[in-house]
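Here chain A shows up in two complexes: once beside chain B, once beside chain C.
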Partner chain A sequence: MIPAIVLLAPLLGGVLAWISGRAGRLWVRIWPLALLVLDFAALLAVWIGGNPDAFHEGAYSFYADLIVPWIPQIGVSVHLVLDGLSLVLSLLAVFIGIVVILVSWKRERDHEGFFYFNITLVLSGVLGTFLAVDLFLFFLFWELMLVPTYFLIVGWGGERRAPAGFKFFLFTQLSGLVMLLAILALYFIHGGSSGVYTFDLFGLIGTPMSSRTSFLLMLGFMAAFAVKLPAVPFHSWLPDAYVEAPLEATILLAALLSKSAAYGILRFVLPLFHDAALAFAPVAYVLGVLSVVYGAVLAFAQTDLKRLIAYSSVSHLGFVLVGIFALSPLALQGSVLQMVSHGVATGALFVVAGFMERRLGHRDLSRMGGLFPLVPRLAGAGVALALVALGVPGSGNFIAEVLIVIGTFQASPLFAVLVSSGLVFSVVYALWMIQRAFHGRAAVSGSLRDLSALEAAGALVMILVVFWLGLHPQPVFDATSRFLQTLQGGA
Partner chain B sequence: MSSTELNALLPLTAVGAACLVALAGVAVRRNVVFTFVVTILGFAVSGAALFASSGAQSVGGLLVIDPYARFFSAVLLASNAGVALLAFSYFRSYRENREELFILLLLETLGGLVLVSAVHFASFFLGLELLSVSLYSLLAYVRTRKASFEAGVKYFVPAAVASAFLLFGMALLYDAAGTMDLAGVGRSLARAGSLPEGAVAITGLVMVIVAIGFKLALAPFHMWAADVYQGASAPITASLASVSKVAVFALFFRFFSGIDLRASALVGWILTVVAILSMLVGSWLALRQRNVKRMLAYSSTAHLGYLMLPLLSGGRAGAAAAAFYLVAYSAATIALFGVITALSSVDRERDDGAELIGLAWRKPFLSAVFIAGLLSMAGIPLTAGFMGKFYLLTVGVGSSLWALAAALVLSSGISLFYYLKLVAVQFSRQEAEPHGPRTPLAAGFALAVAIVLVVGLGIYPGPLANAIASLAL
Partner chain C sequence: MYAIVWLIPALPLAGFLLLVFLGRRMPRAVAAVVGVGSVGLAALATVLVGASFLSAPPAGGAIEERLFGWVSLPSLSFAFGFRVDALTLTMMAVITIVGFLIHLYSSEFMSRDGEFWLFFAYMNLFVSSMLVLVMADNLALLYLGWEGVGLCSYFLIGFWYREPEYCVAARKAFIVTRIGDVSMLLGLALLVSSFATLDIQELLRRAAAGWAPGSALPVVATLLLLGGAVGKSAQLPLQVWLPDAMAGPTPVSALIHAATMVTAGVYLIARLSALYALAPAVQSLVAIVGLATLLLAGLAAIAQVDLKRILAYSTISQIGYMFLGLGVGFYSAAMFHFMVHAFFKALLFLAAGVVIMAQGEEHNIFRMGGLRTALPAVFWTFLIGASSLAALPLVTAGFYSKEWILWGAWQAGRGGPLLWLLGGCLGVLLTSLYSFRAVFVTFFGDQKIRESHLPGARMKIPLVILAALSILGGFIQIPSDIAPVSLFESFIGGVFPKAPGAAEGGSTQILLQVVASALSLIGVLAAYVLYRRGVGAHERLADSDAYRGVRRFLFSGLGFDWVYKWAFVKTFDCAAKLLKGEVVGRAADAIGSANAAIGRALGALQSGRIRWYLVGIALGAVAAVGAAVWL
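Now for the complex of A and B:
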């Protein structure tokens, strides 16, 4: 039952918010917030008190396992599992959800009930991808995230929201359909050879097929994941969507939706197509390194703060791609840690960018400067997060990226060297951002309101989480190691 | 004719009887409410008769009332019941005679019912003509409006030519097979299906395909669609888009299930090319339309192209996939044209894309229905259209129709452009005149049922999946 509760709690909050939309602006926020907090508590309780070996499925073990037949005629069931990896990522998702609700607390907008409904629907979709192990169900959640995200962009986005929303939808939907073809092909190959037609991941693992078929099917999956991650050169939807989306949707996109792609590679591509993934690794390295370098270079060239963070995000996620395909214990752990740490850090960076935009009325770096004396608390948070982005020792990003580089070195020294260049590039754009925004001559006359106590507390909590991940990452490693160990042996 | 045969025919006789009662009513005293109630009752009795019967019963060698026929009959009845509700709302301010509209609607349904149960060229042609002739008059029903009259004529001319093709094709097939029974024709094609010895039969078959292609507006026989869709009144367009296509496709599928396409590779190739052309041309042309009805006309061409996947793969899985897709397609069609109907009145058709600006904020219910319909057409999860497309891809991949599956994905990608454009427009914050009266009750009811079907079948497709699992021919 636990996975279903985790999955449905945000949605329930959203439905209640939508219903109470006319009752006033308070309940619209309280319902989703309350249910997300409960969800978070439930997940924490499972982490602390649950037994990670309570359920087994082949070599895999879970805290919780739920199977309900859904469309038995074609072998589709609602199969949700909660293991260490999905637990950690679900916690991230719910945490970011809470942040999003709090960030938008004071912001007034039209049709708030529907707005919060969409936010929680995105969260439920993301949680669904983290929990589902039925390929049909996974695909459903994967596509389901798009619709509310699209609504958020076109309903409440910036000036050029319609084309931005459309581009996002088109890229992810088309690549998703390619994945669907691969899923169906796998379904028939498995059904043809074993007589059992099922979409269940654990039934499909180990399906005998030629290495050529396996490679093609893996490419189908990777098409969807590479677009949503995104890996250069499939990233062109990202800057527009991130910039035009309302702040809340940007945070969801950057912190969570990209993680669902990395998670998909870990959960589905590696177990289902282990050998093909090994063969694909050089390509993945190239894509990853390209993302790291190209993202960093583009981030440096931006004057729009949101766009800068968007490209830095591409750069950081390149590390994840390289780390996953290096398939060594260290690199895998680094990748998972990077997913969590980058989720929190980028979310926090966008929150700070939102604070700045709300005060300045724009987010153009060339018209900022000298903010430090004016708004010390805001600037302090900004500087701390920029340092995290450049991988300051002690932060989660630092540990994660170092682990990925070391882990990759065992597999391919060349790409380890290349990907580590990202550590240098990130210093350039992060410091440049600090300098442009906070130092130098004051570009703003008059006074600006500094962070309120609540805002400062929120930013501080996120920063503390990132540093906690850096100084004491062991709980994350412990939680995910069981699953990651199964990846290396091959299925 | 035996009494079991008469019993089996009850769904058809119920609609026919409703037609007679309505005609008699008009002869005594005109009352549109009476005619409307008789129409709905006719559909209801016919539907109840469908549910009450089971098994397969052949009627005089012309018709067979089997689960397949019953399923598609139910789809037709439900669609046209929705159309009747919409039409009742739409024509409430029409000052000329309204009763004949419902009588024509009943006749059109009867034609459709004959088509989906036809197993013989005679009943095939009879059903098709009954359907088409009713549609000519329905399309041109608002004779005071030029566009409506134009729509009637523009449908009439190609449809008449198509009928000529059909008759000629049937004659050639009869010459080759010596029988007009659909199954018999299929068997004879399997024996002499390849060129050159089967030249006569194949020519006949291709001519039949051309005729059906016209009716379904498959590319390259799609030219008439946009003007006709645009010119006709919105509820009538809904009927044209759902009922006529479902009925003709159901017959098409039944006909082809008896033909082994492996025996005549040429016909398989022709259908593949027609399918890919329909998907791509349909989507491409839909992209360039600003009028919602014109857009839906071309997008319908693409959807019928998708349906060639189950047609070519055939079998039990193919029938199930086609059935699911057609249900999803019909529900979404009624939803989309229903919203246009609710926005429009007989005096003014509000079918331009610009009419939808800011609809989500002005009329949330209509907007929700419209968005659900669009997303279903686009095949987004948790809508019926997604499950339908999933079924299609399943049979496509299962039968290794890779070119068609790839074309479907590509066309779906293109289709996002025009479906999402209409979704985005509704969220525009630009102020538009708060036009239109409240949605009339009848239309509102039809729309509510449509959105429940569109979303419900996406979330819980189990019952329908069960119902279509046994549609073997």
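Now for the complex of A and C:
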């Protein structure tokens, strides 16, 4: 039952918020917050007290395994599993969900009930992709994330929200369709050869296919994941969507939706198409390195703070892509740690950017400067997070990037060299951001309000989480190692 | 006493945390007590640990302490663990004791700064990171400290962040050293892929057993690590950041950009000496890099007019000597020079800080003069520091450390005499020329600016102590032909592979010493003739065009900045400008909009309702069957 509870709790909060939309602005926030906190507690309880080997399925083991037939005629079932990897990422999702609710707490907007409903729907969609192992169900959740995100962008976004939302929808929708075709092809190939028609991942692993078929189907999956990650050159929806989306949706997009793509590669692409993925690795390396370098160079070129962070995110996710396809134990662990750390750190960076925009009324870096003495707490948080973006020692990003570089070196020294160039470029844009926003002469006259105690506490908690991940990453390693070990030997 | 080892880096770290979170509300006196006191206690703890290390050496020559785990994976694990041997202890003593003196000095020097607390926060974090760097028992933790000191260096160079050009210098330092750091990280990656460990001792054992001397892997690994070392230690070709780093407050230049952080590269190579022994070609390269750097920086130092920049180039040059010592296998000599250099260079910077303060923030030595009488304490201590830097024979510590390195250079195989000739003769001559140029121009002649802001006790005491160390520090290791004192070698020598060549060389050694000593004195004399006002051959020279051209070239640091600016900075800027319009993204958009019509039609299918999916499934089935048949 636990996976279902984890999955549905945010949604319940959202439904309650929608219903109580007219009852006042307090309950609209309290319902989702309360249920997310409960969800977080439930996940933590599983992590601390649960047995990671309670259920088995071949080489895989889980804390919890829920399987309910849904459309037995075509072999669709509600199959949810909770293992270490999905647990860690679900914790990230719920944590970010809590952050999003808290960040939006004081902001008033139209149709608040529906707004929060959409947010929780995105969260449930993300959680669903982390839990589902039925490909049909996974695809449903994959699409489920999309629609409310689109609504959030178009309904509550910035000035040019309509084209941004449409572009986002089109890119992810088209690529999702390609994945659907690959899923169906896999379904029929498996059914045709074995007589058993099923969408269940564990049933489909090991389906006999020619290597050419396998490669094509893998490309179908990768199309969806490369767009949503995003990998350059499939990223062009991202800057507009990130910038035009309301802050809450930007955080969700950057911290979570990108992770669902990386998770999809780990959970589905590698087990289903192991050999094809190995053959694809050089292409993935190139895409990853391209993302690392291109994202960093463009981050440097931006004057819009949100856009800068958006491109830095592309750069960091390039590391994840390279690390996953390096398929060495260190690189895989580094990639997963990078996913979590980047989720929290980039989420926090967007939160701080939001704080700045609220105070300054704009987010144009060329009109900022010298904020450090004016708002020491806000600037301190901003500087700390910019440093995390460049991999400050002790942060989760630091140890993750070290592991990715070392692990990639074992698979391909050439690409380890290329991807590590990102470590230099990240310094360039992160220091540039610090310079334009916080250092230099004060460009703002008058006084600004520094972070309130609550805001500061929130930022501090997120920063502490990033450093906890860097100084004591072992719990994350231990949680995810069972699954990651299954990836290296081949399916 | 070994149980308190962990406290040594923890104390400054605690100081940093206290200051960064509570410092803004602390009265200055409290912030000063926290900032100076934490380093003082660390120094005290180091002395206690050192005393018991000397009186009762630990088993295996090292104190080992594992605090807590960090990363533990089947293929690689490393922890927060310390290993303190004689090499580490030497570094720790210099870091904490010289660090304490500089903190004490700063408590007065920075006393009028608005962000006094923040200065001490960064300084404490620096000391803590530097201690982690030298105490780490594995290369991952060393790398953490390595990146940590770089970060502190960035913050402290740009401490006066309201001045954009200071921030440029800070960013330049961070980016240039980061290039070296990435090279080092790749070196670690190579070591891991070969030996599956980052534990330093284990790594050295496995490398000695598994790698044939001179084979490709050790050469590549040591080259990559050398990349990190030349970045941090400002050696060719990554030396360009250090002169600009002088934008930071002077105590920062003294601690980070002279005494400690910039010698991290020396430490790294010394620590991994057994690895470098497996790559003789790279070890020779270390010597050549050191030699080239020491000459280049010495030449550049002669043309500088900013007192701090003279000292910065001098630092680059002196670290070149250390690299030369490492390269010829005289590790103890390199470390001895590191220690002595830390004393006299910290002294010179601190004295320069007083001079600049007393001259109303004037940095140009040619606008100063005659400070001998106005600032006697500073004059005498600066003179001692400059003498030690110039290696004036017999009485200065610099003489003994430099002689040791030069003796090593002489014996280094076939090229030895050449190394000695260039490094020994030319290098020594240049060094004493630029050192005493600074002395004569700054302290002799007519006073041009009235002195203000005279130093108090907290600034003078460190000067006096460091001056004493710059003289006395040399007497713990004296060449055998002068006096048989070898305390330093017997303390630290066991850490390193045995130095090649003879420890003593009879009449040859005496001859070499006499030549080098004479050149050092000739340098002083040349500086006197050229720059002593009234004698001033320098003014007559200054009229010729050729001289001006050469001086401009030397002044610019031999053109490296110019080359790098056009080769890298401009290229990156252009790339950023070019790509800003999202060339790649627009190309993808074009494909996207071509497909948009199809997209809209297909997108309509995906309304999220089950029956439409069933339609999709049917269509997909056709596609899949088609694909299966086609394949």
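Definition applied: the second predicted complex is superposed on the first by the 491 of 491 C-alpha atoms of A that agree within 3 Å, B and C clash if a C-alpha of one lies under 4 Å from a C-alpha of the other, contacts with A are read in each partner's own complex, and residues count from 1 in each chain.
The rule we apply is simple: a residue touches a chain if its C-beta (ideal position, glycine included) is under 8 Å from a C-beta of that chain, and two chains touch if they have at least 3 such contacts.
Keep in mind that what you see is a predicted model, and the values were worked out from it rather than measured.
In the superposition on chain A, A:Leu180 makes contact with both chain B and chain C.
In the overlay built on the shared chain, the residue A:Phe372 is in contact with chain C alone; chain B does not reach it. In the superposition on chain A, A:Ser421 contacts chain C only, with no contact to chain B. More residues of chain A are in touch with C than with the other of chain B and chain C. Looking at the shared chain after the overlay, A:Ile74 reaches both chain B and chain C. Judged by the touch definition given at the top, the superposed model places A:Phe151 against chain B, while chain C stays out of reach. Contacts of A:Arg212 after superposition on the shared chain: chain C is touched, whereas chain B is not. Residue contacts after overlaying the shared chain place A:Phe483 against neither chain B nor chain C.
Contact with neither chain B nor chain C is seen for A:Phe319 once the two complexes are overlaid on the shared chain. Residues 74, 143-144, 147, 169-170, 173-174, 177, 180-181, 184-185, 187-188 of chain A touch chain B in one complex and chain C in the other. On the chain A side of its complex with chain B, the touching residues are 70-74, 110-111, 136, 139-141, 143-144, 146-147, 150-151, 154-155, 162, 165-166, 169-170, 173-174, 177-178, 180-181, 184-185, 187-188. Those residues of chain C that touch chain A in the shared complex are 20, 24, 69-76, 114-115, 129, 140, 143-148, 151, 154, 158, 161-162, 164, 167, 170-171, 174-175, 178-179, 181-182, 185-186, 188-190, 192-193, 572, 575-577, 579-580, 582, 584-589, 592, 595-596, 599, 602-603, 605-606, 608, 616-617, 620-621, 623-625, 627-628, 631. Put simply, chain A touches chain C in their complex at residues 74, 143-144, 147, 167, 169-171, 173-174, 176-177, 180-181, 183-189, 192, 210, 212-213, 216, 232-236, 239, 294, 297-298, 300-302, 328-330, 333, 370, 372-373, 376, 380, 387, 391-394, 398-399, 402-403, 405-406, 408-410, 413, 416-417, 420-421, 423-424, 427-428, 431-432, 435, 438-442, 471-474, 477, 481. Listing the residues of chain B that touch chain A in their complex gives 360-361, 375, 380-382, 386, 390, 393-394, 397-398, 405, 409, 412-413, 416-417, 420-421, 423-424, 427, 429, 461-462, 465-466, 469.
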